[in-house]
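Think of it as A, B, C and D in the order they're written, each chain with its own count starting at 1.
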Amino acid sequence: MAKITPLREAVASLVHDGDTVALEGFTHLIPHAAGHEIIRQGRRDLTLVRMTPDLIYDQMIGMGCARKLIFSWGGNPGVGSLHRFRDAVEQGWPHRLETEEHSHAGMANAYVAGASNLPFALLRGYTGSDLPKVNPNIRFVECPFTGEKLAAIPSVRPDVTVIHAQKADRRGNVLIWGILGVQKEAVLAAKRSIVTVEEIVDDLEAPTNACVLPTWAVSAVCHVPGGAYPSYAQGYSERDNSFYKAWDPIARSRETFQAWMQRHVLDTDDFAGFRRVLAESVKEAV
Amino acid sequence: MAKITPLREAVASLVHDGDTVALEGFTHLIPHAAGHEIIRQGRRDLTLVRMTPDLIYDQMIGMGCARKLIFSWGGNPGVGSLHRFRDAVEQGWPHRLETEEHSHAGMANAYVAGASNLPFALLRGYTGSDLPKVNPNIRFVECPFTGEKLAAIPSVRPDVTVIHAQKADRRGNVLIWGILGVQKEAVLAAKRSIVTVEEIVDDLEAPTNACVLPTWAVSAVCHVPGGAYPSYAQGYSERDNSFYKAWDPIARSRETFQAWMQRHVLDTDDFAGFRRVLAESVKEAV
Amino acid sequence: MSNETLDFTATEIMTVAASRLLQNGTVCFVGIGLPSTAANLARLTHAPDVVLIYESGPIGAKPTVLPLSIGDGDLALTADTVVGTPEIFRYWLQGGRIDVGFLGAAQVDRFANINTTVIGPYDAPKVRLPGAGGAPEIASQAKEVFIVLKQSPKAFVAKLPFVTSAGYLDGGDARAKAGIPGAGPTAVITDLGILTPDPVTKELTLTSIHPGVTVEQVKAATGWDLKISPDLKTTEIPDAGALAALRDLQARTAAAHGQLGGEG
Amino acid sequence: MSNETLDFTATEIMTVAASRLLQNGTVCFVGIGLPSTAANLARLTHAPDVVLIYESGPIGAKPTVLPLSIGDGDLALTADTVVGTPEIFRYWLQGGRIDVGFLGAAQVDRFANINTTVIGPYDAPKVRLPGAGGAPEIASQAKEVFIVLKQSPKAFVAKLPFVTSAGYLDGGDARAKAGIPGAGPTAVITDLGILTPDPVTKELTLTSIHPGVTVEQVKAATGWDLKISPDLKTTEIPDAGALAALRDLQARTAAAHGQLGGEG
């Protein structure tokens, strides 16, 4: 049974230094609030996993939480580069960042394999690409029936997966709809999981074949309305495209980045506090 | 784009002697009407694939359509044996039936692998079972990362898959809900597909993440209301448990079986005709 | 074996005894028939939060009457969600999320291996049984397994003609050595008693006998020289509440379907 | 390179030319940015039944404005269905159901191989680019591939520092020999013209030049000695309808998002 608990407690008890942590959400439902809380609590040496590391991983990498990144596309969608990610890879700031790089197909299959308790994922992939030359975790196996060569990569099995979803009921059953990404697989692949939700309701009112995570498959459910901001939750909020654009100049220099993180994340108590201070700083800028 | 066409024409043009054919539906949505039409058109030498061969495969096997059966559980659910299937396996009547036998987990994974265009499915399975001793298509491969031994079976890639669904729209997009079984995978694993539906509507009104087969992934859509009988279509009909019980004495002897098939299937034009004659024979029996 | 004086049938005490083994909150992968009856009885009595998963796709099914098939509509309509059959086997069973696999069987042997495939040689069977279904992977991947079936010399055989699903294989540590993850069958519940594996040899041992049944009766219904526990207990009789709930469930099922649930 | 006299910009003719290549009914796996703009323009003009699939999960998306991200809500709300990302890559792309993969790129070489990973050595990159995303498998598994990007010597390089996604590898039959199923990139559409692979050598050849552009300009924007087709055509100018539809789409997008679509 999932424990319905404040986000601060969920992160304190479920995310440890050195853990392999996946924050998932494919443009939609990115768990920004949980990412901030991990930064606030000063977690270190994390192996971060995510198909599309974007602003939240740029922040976590820039704040020194990550030792390693396993990913398939790292950018600011619709805007350009992740400057903190690039600074870590290109200049080793704030420290060296190890990377393990895949394609989306590889990562998606690795999550499926993890959720399926298989040690590796099997796919037709990476053919003709240089990725296998730089990633020793991309290997090839032979079909025992046809002799065909297929790609094999290790399953993703995080210690903790963190996602944001629309709803939970009071028992902790979780409903997700819209762009689903790999969230279900990421939760089922993990030993522990945290789900932040827009609201907690009496009845999920889920369609018969909806994407529901039963309460007994989740460790903690945390009520964090708007917790995906600047990403969005279908039916609750819109993506704040202006924040994605605003992030580019903030993250470009180490100094502006650090000042921004100090004021908006380290010096605030929680995500509601972050949103208040952000509203103030946006007003100041105008 | 799926062709919206009478079932007779769909079977005539898409199901050929010698084909590998999967009629899927897990208790729910079993495509009985299409099975009857295959029998009526006298198809021979089929390799029949189905996780749970039940009455419709008992009928097809007893009528001599099948050369081989690939399956994981063959019985009359809630009643007992399939007498025609047993007669074929035990006595070779009407002719010898080759069998390739798996577990449900194996079959389900083999459909997934087929839909994914992989030559084989990888699973943790069959350990300690005698099935690998009698099925040379159950092999074992090693994980290239951990050295673990995992089961491998060939993908299921039917020439034709046939399913029954609740709705199609006028373009041929198909909506299925409730117990989904392996139908989506079976259609996507096949070269061609036939979907019989309860109704054809202007708008599917499908929830965002519903199980929808787009028209361009289906070969033919046929309007056959009640076409799953005695199985059912959630929202449209109930399972006729009495027919499953009534089947047992009909199928027990070759003579009663043949007479029943002659009267109800061979001598009727279509599924509506079958339902009419069945209603008459049920009335006579009372 | 109906037992007039105690006012319950042998099938009823078997069902109630099986149901009692399911603890509240357990995630249970349910086979159709007797396992489904026992699991739903548990849900309606002492274990309201038991989570029932059927291989057809429903997760958290709470059927109002007993399902006659593994894919009854009531299972879908009452479930927390319904996923495809591949997902059930891949993410939920193979994923290691099932506490108890609840199985029936045509035959078991002394190490709780299961046969549901053939009687006689595989290539020329005397009786062709339905086959494996979900059992091989349920038997190996659920954290533990309960088996429920009626006891007779034809069902409890010294040597299976075919091992469809692994119990303890040749006994001792053979199961672990074969790399099978789950603990295996921890109880075989019959109409005569409850058999559990010896902690070391893994041989099925009669550890509980139903009231009114003699040890000789159980031995006579077993195709090998059945070991009897020195601490043999008498199975608690079904309490009035459980019995009433079971009969009510079956009456409702009969009224809904014109057929008793769990009899196939 | 805005072209006042012809009344369309270089980006506009590139987008319209790319859109024209998409035939009605085509199943198209769409990358965000320029590919998405061109594919949606096709859908709104000559190819109303083009099926747009985005890697985030929407199948048959019909967005009313251009998506700014690969997972905009409008894509989900207008799609025939939305599946999980694993299913997109497993059943739909790897399943062999995609007619056209529509990609952008940071760099291409003369055999239409794509780099989106690094400039400079992989372990000590001068510029760390976003990486592969869905491109390696789109490039190999779609039945054919269109690439759209602006032409410059930095983008069109003789030798890629990193091959993220396969075009024709070393040319000739290298791609087929590597066991890659799809036909590969059949067109590279730029702001200067359209390059297509030589039927035998697979070297990218300028086969269509946009009106007002000189061959010298194109050669200067290419980091190798670009082959020019002896049958070099002039790209048809955007017709008024397509141009109006594109501008209308971009104006609606700007109004909805306060930002132009397809610019990232």
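Criterion: a residue touches a chain if its C-beta (ideal position, glycine included) is under 8 Å from a C-beta of that chain, and two chains touch if they have at least 3 such contacts.
Here the structure is a predicted model, which is why all the values come from computation and not from measurement.
**Student:** Spell out the chains that contact chain B while also contacting chain C.
**Tutor:** Looking at chain C and chain B together, the chains touching each of them are A.
**Student:** Give, as an integer number of Å, the spacing between the C-alpha centres of chain C and chain A.
**Tutor:** 41
**Student:** Using mean CA coordinates as chain centres, what's the gap between chain A and chain D in Å?
**Tutor:** Centre separation, chain A to chain D: 28 Å.
**Student:** Could you grab the centroid distance between chain C and chain D? Build each centroid from C-alpha atoms only and quote it in angstrom.
**Tutor:** Measuring from centre to centre gives 57 Å for this pair.
**Student:** Touching at least two other chains at once: which residues of chain D meet that condition?
**Tutor:** Answer for chain D, listing residues that touch two or more other chains: 76-77, 82-83, 90, 94.
**Student:** Tell me, which residues of chain B touch at least two other chains?
**Tutor:** 112, 117-118, 123-124, 148, 178, 180, 185, 208-211, 234
**Student:** Which pairs of chains touch one another in this structure?
**Tutor:** A-B, A-C, A-D, B-C, B-D
**Student:** For chain A, which residues are in contact with chain D within the complex?
**Tutor:** 26-28, 51-52, 71-82, 85-86, 89-90, 101-105, 108-109, 111-112, 123-131, 134, 148-149, 178-182, 184-185, 211, 232, 234, 238-239, 241-242, 245
**Student:** In their complex, what parts of chain A are in touch with chain B?
**Tutor:** So the residues of chain A in touch with chain B come to 117-120, 122-124, 137, 139-141, 143-146, 148, 150, 152, 154, 177-178, 180, 207-211, 234.
**Student:** Touching chain B in the complex: which residues of chain D?
**Tutor:** My answer: residues 25, 27, 51, 59-60, 76-77, 79-83, 90-91, 94-97.
**Student:** Quick check: in the complex, which residue numbers of chain C touch chain B?
**Tutor:** Residue positions touching the partner: 32-33, 55-58, 68-73, 75-77, 82-86, 88-90, 93-94, 113, 117, 122-128, 130-137, 139-141, 162-166, 169, 175, 178-181, 257-259, 263-264.
**Student:** Touching chain C in the complex: which residues of chain A?
**Tutor:** Residue positions touching the partner: 1, 112, 115-118, 173, 184-185, 188, 206, 208-212, 214, 216-217.
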